[in-house]
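Would you mind keeping the following structure in view while I ask a few things?
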Amino acid sequence: MTLARDLRRSFAAIVRQDVLRAWRRRGQVFAGLLFFVIACSLYPLAIGPEARQLRLLAPGMLWVTALLASMLSLSRLFSREFADGSLDQLLLSPQPLAWLVLAKICAHWLTSGLPLMLLTPLLAQQYGMPFAAAMGLAASLMVGTPVLSLIGAVGAALTLGVRGGAVLLCILVLPLCAPVLVFGAAAGAAADAGLPMTAELSLLGACLALSLLLCPLAAAAGLRIAAE
Amino acid sequence: MPPTSSTDTTLAHRPNSRARPSGWLAYASAVRFDPLAGRLAPWCFAAAAILALAGLYVGFGVAPTDAQQGEVYRIIFIHVPAAWMSMFIYLLMAIYGGLALWLGTRLSSMMASALAPTGALFTAIALVTGALWGQPTWGTWWVWDARLTSELLLLFLYLGFMALEGAIDEPRRAERACAVLALVGSLNLPVIYFSVQWWNTLHQGASVSLTAAPTMARTMLAGMLLMALACWLYTIAVALVRVRLLLRERGLLPGGKRSEGAA
Amino acid sequence: MAIAAAVSDEAADTCLGAHAMGVSRGGRMLLASIDFELRAGELLQLHGPNGSGKSSLLRVLCGLLPPASGEVRWNAQPVRAGDPHFLPAVAYLGHSDGIDADLSAAENLRFAAQLAGKTAHDAQIDACLHALGMGWAAHSPVRALSQGQRRRVALARLALLPCALWLLDEPLSGLDEEAAARFDILLQAHLRRGGMAVVATHQPLSPPGRILRLDA
């Protein structure tokens, strides 16, 4: 059906263009990852190098740092389009705006959330987490970071072009991400204790399903409001 | 079909500078709404004061002393109504935001903006009274109780709403953006509450809980309901006053700061 | 040259209408009681001093800005934001070019086609860029081009997609005489095919079509 083909084509085009642009400016992506690495290294300096304490706190600290690191890249989500007038073209496309926004969020996750998730098992070694636990933590991040991108996109759309937008974005989005943090860190802790993570992962999955349904619509509304 | 070759000039009309702005619905209802709000507000303040006195009398005078917690528990008569109001006001803000986006009326979004500071105030009262309760009872100023943590996150949502409103210069865009934010926040609120409850039961350490209130004697319930009603009427009164100020400030009524280019 | 197919008979009945339309921006009423009907093959120029509301009127016509009063009608049906019957027929060029500076001209045009759900072959893209004299720049990043050259690339986008209605905000800004002549050819071809255009401009186009003057 041509409608499905058009949707597929526009989705793929946006993801490809955003990933391509991120690759051409890979310095920005690496900087975000470097922030994640540096911040994770700060906790032992602050708390002390005692291995047991670090291991206990590891899932929570890694999750909080991943949350903060993903906040950094969110303000860039729509800012380029807003600055050079491409936002108008996006809004005037015949494809549903929520679908196009979902494509942008997907590209954003591929260039920020996914690298974070891939880096986590490595950083978990700094805290002495065993390999299985680190993989469990990475799994929780795999389900949780898309939710962060989705909720963050709503904040990015609402604060587009606003003075002090980056900090305002964090203020708006962080309380809304509290459930994801709770479930994600609990999943990591369960993995660390050798317990099954099914409950926590299903809760994260429910959050993902709910935000997949609502956030693109809310972000699309925010973009229309910003472009008026 | 060939393009027309003649020059067809039409003059576009510039509005009479004193003509009322379009958006008849908002303007007309603002004109009708304003005097009504002005008359209603003092009565609501008076009723709120009377009910508050009655509620405080019941709470601090009539209700019996609790066996376990002594006199300190009486703070529940302020803490619980404030917590109820904080949640209820956010829900109201979301409803007004939804109305504003659906119908396009500016009065609805102004009601949401008017309610926000009061909601934040009640959330803060709930947090402070929670701390005042916790200190004599358990020796700490703060416990990570499910309700207090939810109230804390709710306070952040209110402050975020007010920050977004303050950061956007153009009033109409600010109203619509805040409407979307209120809607998203209200949908997220049940998830937040659930996750905080879940988190609290997961980490067994929290044996202290402000929700483990003493069993409700009928007088206690009456006292809390009176206080809740008083808070509700106070909220209405303050919101009405604030909306009238906002109507003037944003130029929907004469008597305030004029919008640029008018007159 | 142009890829847009010849407009069929049914498209010849297309009509853009504005009825008792008011435009407000930033709380100020800029325009009121705008009434016009534009049919296939017609050009409407918007003339007026800076700040008279030309750009805002164009944004209202394409649905980016809701009208303060009245409505926009496409083929006698009122237009909502995101209307799937209206948007495929609209091509908009605003003050900013809407071009991604990090990509090349060809990549930009290809993306514009894909955003509309179509594919564009390299030959088509090259032909459109040639029409605006930018064939040589197909694979150089837009960042390296001058302001006028970027404008040409944005105009090349118009040649690529077959849209019945063009809404253009000062398309000639930054263009030299040669580019302006190329744009003229493009516009006249579009009108001859049965398309219509509303153009806000400080430099009168010829043949002028209809003119709407937005005066203070």
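So that you can tell them apart, the chains are marked A, B and C in the order they are listed, and the count of residues begins at 1 in each.
Just so we're on the same page, a contact is a pair of C-beta atoms (placed from the backbone, for glycine too) under 8 Å apart; a residue touches a chain by one contact, two chains touch by 3 or more.
Predicted, not measured: the structure shown is a model, and the values here were computed from it.
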- Message: Under the document's definition of touching, what chains do subunit A and subunit C have as common neighbours?
- Response: B
- Note on the structure: With centres defined as CA means, the chain nearest the overall centre is A
- Could you give the separation in Å between the centres of subunit A and subunit C, each centre being the mean of its C-alpha atoms? 36
- Task: Could you give the separation in Å between the centres of subunit B and subunit C, each centre being the mean of its C-alpha atoms?
- Result: 45
- Task: Could you put a whole-Å number on the gap between the CA centroids of subunit A and subunit B?
- Result: 30
- Query: On subunit C, where are the residues touching two or more other chains?
  - Reply: 66
- Could you check subunit B for residues that touch two or more other chains and list them? 172
- Message: Quick check: what residues of subunit A touch more than one other chain, meaning two or more?
- Response: 228
- Query: Which of the residues in subunit B end up touching subunit A in this complex?
  - Reply: 101, 153, 156-157, 159-160, 163-164, 167-169, 172-173, 176-177, 180-181, 183-185, 187-188, 191-192, 194-196, 198-199, 202
- Item | subunit C partner contacts - residues on subunit A that touch it in the complex | 2, 5-7, 9-10, 12-14, 17, 20-21, 24-25, 80, 83-86, 88-97, 100, 224, 227-228
- Note which residues of subunit C are touching subunit A in the complex, please. 62-66, 81-82, 84, 87-88, 90, 92, 94-103, 107, 111-112, 114-119
- Residues on subunit C engaged by subunit B in the complex (per definition of touch): 12, 22, 24, 26-29, 31-34, 36, 39-43, 48, 66, 68-69, 188, 191-192, 194, 207-216
- Message: Can you tell me which positions in subunit B touch subunit C when the two form their complex?
- Response: 1-5, 7-15, 19, 21-24, 104, 170-172, 250-251, 259-262
